[in-house]
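All remarks here apply to the structure that follows.
By written order: A, B, C, D and E. Residues from 1 in each chain.
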Amino acid sequence: GGSSSGSDGSDGANGTSGSGDQVADVTHVGYTNQVPTQIQYNPSNPTSYAQISQYLLFDRFANFNFSRGGFVPYLIQDWELQNDQNRFVLTLREGVTWEDGDSVTAADVATQLRLSMLSGGAIARYTDDIITEDEQTVVLNLSTQVNPRIIEFNVLGQRFMTQKQEIFQKYVDKFDGDEEAAAKQLRSFKYTDVVASGPFTLEEQANQQLLLSRRDDHPDSENINFQNYSFRYLDGNTAVHQAIGAMNVDSVFSVFAPPNVVESFSDAVQMETVPSKWGYGLVPNHDHEHAGDRAVRQAIAHVLDRKTIVQNVGHTLKKVPPIPVGIPSDDQKRWLEDAYSDFEDYGPESMQTEKAAQILREAGYSKQNGTWVDSDGTAVKLPVTVPSGWSDWITATQTIVDQFNEFGFDASVDSRNFSSLLGTAWPNSDFVLSAGGWLPGGGRAAFPYFSLQHQLIENFRGFTYNYGPAASSRGGTQSDVTVPSRTGSGSMTTNPNERLTTLSETVDEQKTRDIIVEQAWVTNVDLPMIPVMEKQEQTFLTTDQWDVPEQNAVVSQVRWACTWLPRQGELKYSG
Amino acid sequence: MNSYFVKRTGRAILTIWLVMTLTFGMIRLIPGGPIEMLRARLIRQGVDPSRIDAIVQTYKQDPTPVYVEYYEYVTSLLSGNMGQSFYYQEPVSALIVDALPWTVFVMVTATILLFVIAILLGALMAYHEGTAFDTVASSASILLSSIPFYVLAIGFVVVLSYQFGLFPARYRVGPGVEPGFTVQFLSNAIYHAALPIASVVLTQAGLQALAMRGNSIQVLGEDFVRVARLRGLSDRRIAVRYVGRNAILPMYTGFLTLIGFNIGGSVILEQVFTYPGIGYYMYQALINRDYALMMGVFLIITTTLVVSVYIADLTYGLIDPRVQSGGQSEAY
Amino acid sequence: MSEPVISLENVEVHFENERLLDFGNDPETVRAVDGVSVDVAENDVLSLVGESGCGKTTLGKTAIGLQRPTHGSVKYRGHDIWEIREGNSDADLEWSDIRTSLQIIHQDPGSALNPNRRLLSILSEPLRQVNPDLSKSEKRNRIYSLLERVGMNPAADFADRYPHQLSGGEKQRVALCRALLMNPDVILADEAISALDVSLRVEMMDMMLDLQAEFDTSFVFISHDLSNARYFSSHGNGKIGVMYLGQLAEIGPAEQVINEPQHPYTEVLRWATPDLSLDDHGEMPMRKIDIPDPINPPSGCRFHTRCPKAREACTRANPTAYEHGEQRVACFREDDTHEYWDSPELTDD
Amino acid sequence: MTQSHDQHTEHIAVDDPIIEVRDASVTYDEGTSYVLDGVSLDLGRGEILGVVGESGSGKSMLASALLDAVPDPGLLSGTIEYHPDSGAATDILELDTEDLRALRWEEISMVFQGAMSSFNPTMSLRKHFVETLEAHDEDVEAGMDRAHELLEDLYLEPDRVLSSYPHELSGGMQQRALIALSLVLEPEVLVMDEPTAALDLLMQRSILLLLDDLKEKYDLTMLFITHDLPLVAALADRMAIMYAFRLIEIGQTEEIINHAAHPYTRALLNSTPNLDAPLEEMRPIEGQSPAPINMPDGCAYHPRCPLAEDQCRTEVPDFHIVAGDHGSACFNWRESYDEIELVHLDDGERAIPEGDRQ
Amino acid sequence: MKHTESDSTTSNEFEFGTTGSDVEVTTSERLRDIYEEFVYKPGLVAWDDRRTRIGSIILFAYVLIGTVGVWLYEAPATNQDPRSLQPFEQFFVAPLGTTGSGEDVLAMAIHATPAMLIMVLAGGVFATGFAVLIGTVAGYKGGATDRLLTTFSDIAMSIPGLPLIMVVAIILSPENPAVIGVIITINYWAGLARSIRSQVLAIREHSYVEASRTMGTGTTRIIVKDIIPNIMPYVLVNFANAARYVIFAAVGLYYLGVLPTSVSNWGIQLNNAYKQAGALSGGGTFYQLLVPMAFIMFIALAFILLAQGMDRVFNPRVRTRMAGESKSESDDDTDTAAPTEVMN
């Protein structure tokens, strides 16, 4: 093929320079951290499912733009909750074809959604059935009222047009019989001989790279002026750093590059960051005498200097959440709107030791010999459990522990094997404070329902979460919480479980926003989890031979710019 | 058949079997199983929690008693089946067949090379005992030996690969190089193995050279060397047949043992160089709790070790004519 | 005469050697001692002579209970020592008593003493075994006095030394002291003087003889040198035993064995013993130089392959011991009526 | 008679020397310790000279010196002249490497103390023979025939021995094989450094007998070193006694045995167990011989000598001519006849035949 | 029993030699003896050899760092100093620079020392102690005991070291440095035991061992008094080698992240510098690699030097010569006694 990536040393983007509409016979070199030969494309099979190449091989239903906070239509050009909200109607883009020449039809979309439903996807909870109205229209018949944003995220989010009916219908049929066997078969099917629906087709799966070549007959083909796109296998961050530093690759997605590394890159390397909607927080053991005490949690939030922590870990990697609340950093203002200013920020850039001390004193704690003790005279001991080997988390934990100790908590780093955390510590609540994700991650989290659900009801890890209001299946009691009311004096009692259920079922926008503010307030005051920082996803684009939008352009605020921009005609070979 | 041979072979097999059993038991003590690691991986991939539960659920199997598992493992092992890697979703034997030659290539080359260098250097030092050359070479040997091989490896990666870009920092061959007996492939493979080999050779040759030096000095003082000189033999012949041969002999067992030892050491080395050999898979298997793969790799490394010691024991008698009788010792 | 201290009866010691990488062969058996009976009386001296490898050491060690015989019995004052050791004997003797009563001095002075201990410590060891209740100073005094007795003056100075600070002769004297401090009944002196300079040998033998008289100890003295054996046995009024390939060829009072050797092999040894007379010792009284392989000893009389007087009859049967005065000789020539006299002479071709 | 009438000389000469050693010294530690101290010695063509001395007296040094092969870092001084059958005499110490290589083993050969360590343990004996022949550019086939003959002369089975590795042979066999190896190039002189020390007497005596035969057959000159005086008595034509790195007495064997004139030699004779001598009179020599780094001044034996006088303590005695070619390095050699009786002699023999002695 | 007369004579003869204060003298004498035997003379010999001298100085420096150093030099903490200081940039703040989270790099290295020393000690003691136990008993007792113990150590030897340690480390997640030391040497002893056994086989042929047996001395005492002192130099050399192995393996495991990272360790520093601080990618953080590397190398160097030079120390010949007790012994240069079988 036209691959020019023969060796480590050569730049992928040489070859004949294309001008104007001509397609240049060059290869855009990206990267994958999966062993190329092992990658497979059946989304129902969890092992070795592609992590990047499917973005080019298949058309996504719609793309979530973090800057806009909403979905940008793509294969699904239009979607609507109608007919008294019991139908969710999807309309396909015209002219999209499979690489074997067949058109992408509503039947294909329906097949894929059915498979998702049958194998336990979230839409199953409120979908009766899925029908195709015509070649371009798919309808989900809903069983209950559902918040339209939830449907959007469940149906459109992270879905690629992969499962062509012709190939996958047989699995749908099998579910009629032995469901378990069908699920198992579907799950173990390796879709490697793919029929692409996107603008590229899979040319070669070699040891060191995946080679994709441009399709002529995709609606967006004309936006793409280069012939090949390859994903070179690079194992580990340092490999990626070296490759992008030497500009041996043209773009990389989702890599972990600390500030000093980013600084060492050439000016022709452009960094784009998108929030990952997931990040390091402290998950308290709510049954613990101190960690379970709201006063201690608030004191902790005051003590933490989140900015310093982020700086220690690397500002290119993490972001400081402005206020500790169950909503991702970027979305806080968008959802809280006017109420935003009522929320306590607990001092994101400083250690508010005064405030922390005051709260503790009011709650009956006192400081003896430099260490805080409770009313029984028991010292506040706060070992922070963290998975060993997660170096950024360990750095953060170390900083936190140092800040705690400075304040007068008796803190220490308790690093454990990730497996023993998963296997014993978390399920058995064998910790005091544990490092954990305070957000559920993914675009979904941009809708606070998901992040509040995560904080208040169920720690996503699926283990014991003994916060009072948490789901009973997780170790909670679905109890009420009482917090001081947001506006002025008095207090407010609410049942987060009920309120979030309401939220999931309402179609009323104002009600949605009200519940979000209300439950966010609960998380801000009661701090079921203590947000510390939010992870940033980094994408790098080289600009010496490629035309790309300027840094932080709205169009780039997606996962992943390096695959989205070509479709949009925003990443072009410039010679 | 000779009884020593039979006994020695029996013991080698017994050893492998015992180690296998031990490993089998030990691995099951590791906290967190493959399923938990799968869950963790899926979580990190951002897969929907309910889907994760569904996936994990289908992987769960009825718990089989350990002895049944053991019995099944042993029987399938006897038919050459090492099981299926959970993480790579491939037969363990296929992974090992793919990886082992590379590790053996690197480590055996390195060990041979380091012994050749050590023997030559050690002999030279012995001949020039007490001279400035001896002092410098001895000091250098000691200094180099005080560097762990992986530290030197990291140094190499940083300086030679990253700073100067002289050598690749990872993988067995460059991208796009197709395996086969082509010059391109072979030279590329050597190019990629150069740094791993160099880091082992440089850090281990020193001590062996010192050992060789000691042996040579000892042999140089033997009467038979003196007599050989008087008999008018050429210096070359004395150096090779008299001093060399007798000084190298005691290092022979050490050589074969070191090969086995180094193959075990590949766990760290291949990690530093991202060199997908046996050690690399061992580490992957360990962190992913891929029992079958772990067992397989463990078994292979053990077997190489046992076999190399076995060969050493059986062949030493052929190499050193003096060793003829297996030691018989009276019990006190 | 009183009951012997040690008596060996028809003792055999066989060693089995396994060989490496030797396909197809059975393990080899070395018949180091093959049917020897001998007594050591109280205050006796028995010298064993013979070529290297003929089994002197093995026999000596068997006599003092360091080597277990494969056949036959070793008795200490009438009781089988291995039965006592195993606890199968009803004799009122403890194994530990026997152990302390039978001591050894080795050939190599270099390895006879632990290089890491001072003499005082080395010599305290026997006292620790036999007289554990002695106070430290008493122990020290005994050691000093014995050291002075063997001529190592000043004792205190010597006692503070390490073995490597002694000459070979001094080391052997310390080894002798160590054995004597056990207060033993029998001392096996296995080539105890062979490694010493010629000029020191007599001194060492004198020392042992003096102490033998003083401490009432019997000696089993092993040497390959007939003149040393003679010196020792004659002075001690003891016997000389001539060994050949695991068997006793001849045994008898020292001067008689030396002056009237009956066995052809004794004559060979006599021939081989150097002396200061200048006359030629004449032809070699042997047909072959090398001793046969002890793994496949010759049939019949073991010496027949080398014996100048061997006849055809010697290849067939192994001669039993014939009494010849106070000597015992294992040679058919002692029996005037034996078929030996009628059978043809052996030649080598 | 007084001592001043004694004839004395630096060395005792012989008629047809094949090797003349003059003032040979070996020093270690940059000259501070002598391990061979001014030895002068003639080796007569065709004779067997026995050199006797206790352990550490420098015998091996003397032997090594004859081949200019003193172990490093020893320094050898003096002259060692070799007189070949025909041709001019050469000083061995002046030879260049190549000539020295040719001289060794082809002219003067050596058998070391301890045959066990003289063979390369990893090579068969045949290889040893072959490589020696090759190193000296000899015809290998003819050489190996010679080797076969030599081995047979030494009562060995040539084929078996040659195909063996050293460790497969007994000590006595190794020693004989080594003798064969040393003779394979047909040297003129054979220097033997305690060739039998590690063997038992029967083997020693047998080998000595064989050596005598070999000497006749191959017309050899031999220097035989031992610490065992009686051993050489039957073999050697002449004997030299060494004490503390010096030669102290030399003469015909009969002279030494019966009329030894040095107190040390006499003491040595008396301390030697002997089958024929009366037992009562054997006496050990008191004291120890000196170490190279603290050699006493004067005669090295004076600390142990019952006859020592002031002169002995300050002056190193030359050889005093006792009779003919019998020399003794002692000022008081006469007194020693009276003071130290030789126990192994019959009473009649003990008297000094006065007329013969000067 | 028999020579009672001579008993009395001897004690009479030497009456004057016995002083009343004999016992007290003995105690203090014994103390002096112990000092001489185990401290003074070995020290003297060790000091005489350049290698052991340098090795001891380095090791002593580490002990100082691990004891006094940690007490004098402030412990590392995040943000104790400005972030990412280069070495010597602010010498009095952080001489060798700081990490990206403002920890003093030197402080990290220094405070990792005590745990490392404990690990080394525990690993060395366990490996050599166990090897001596197994090796001497197997070698001395012979027979079935020998076969059993030899098979045991052969099997232990056949298990690949690093992979085994990794598995055990993951199972136990040890934090206590002493435990880590033992885990690392979990099968290291086996090779040593095997070679000790073969040495003991040779030693037990020494006639003084047979003499001890003849005197009825018990097995334990023979092993302790006659056998072990002889293998002491070898054991010490191997202690140093084991120590080096412990350092190499421990740092390696920390580097791989197999051991818990709560404590500070040079391996963790390496890992952080390599994987997190971007020391590879020219981020100017190479010094963060160099500092722990230097700490690892110097202590390893100390142990190699000690191992190479130490076999002289417990050799009584050399010891007494050095202490001026004996002049006549020839210098047998023990340089030549280098180990023939060395492993990384």
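Here is the rule we go by: a contact is a pair of C-beta atoms (placed from the backbone, for glycine too) under 8 Å apart; a residue touches a chain by one contact, two chains touch by 3 or more.
Nothing here was measured: the structure is a model prediction, and the numbers come from that model.
The chains touching chain D as well as chain E are B, C. Between chain A and chain C, the least number of touch steps comes to 2.
Distance between chain B and chain C, defined via averaged C-alpha coordinates, is recorded as 54 Å.
Between chain C and chain E, the centres computed from C-alpha atoms are 46 Å apart. If you average the Cα atoms of chain B and of chain D, the two centres end up 57 Å apart.
Look at where the CA atoms of chain A average out and do the same for chain D: the two points lie 97 Å apart. Listed for chain E are residues 170, 173, 213, 274, 280-282, each touching two or more other chains. Shared interface positions of chain D, i.e. residues touching 2 or more other chains, are not present. Among all residues of chain A, those that touch two or more other chains are 236, 238, 242, 417, 419-420.
Against chain E, the residues of chain C that register as touching in their complex are 64, 66, 96, 99-100, 102-104, 106-108, 111-117, 122, 125-126, 129, 136-138, 140-142, 144-146, 156, 162, 164-165, 175, 178-179, 182-183, 214-216. On chain B, the positions that touch chain E within their shared complex are 11, 14-16, 18-19, 22-23, 26-27, 29-31, 142-143, 145-151, 154-155, 157-158, 162-163, 203-204, 207-208, 210-211, 213-215, 217-218, 221, 250-251, 253-254, 257-258, 260-265, 267-268, 271, 279, 282-283, 286, 294, 297-298, 301-302, 305-306, 309, 327, 329-332. Contacts from chain C toward chain D in the complex involve residues 51-53, 167, 197-203, 206, 224-228, 230-231, 234-235, 258, 268-278, 280-281, 284, 286, 288-291.
Note for the complex: chain E touches chain B at residues 51, 140-146, 151, 154-155, 157-163, 166-168, 170-171, 173, 191, 201, 204, 213, 219, 244, 247-248, 251-252, 255-256, 258, 270, 274, 279-282, 286, 289, 293, 296-298, 300-301, 303-305, 308, 335-344.
Of all the residues in chain B, the ones that touch chain D in their complex are 222-224, 226-234, 237, 241-242, 245-246, 249, 320-322, 324.
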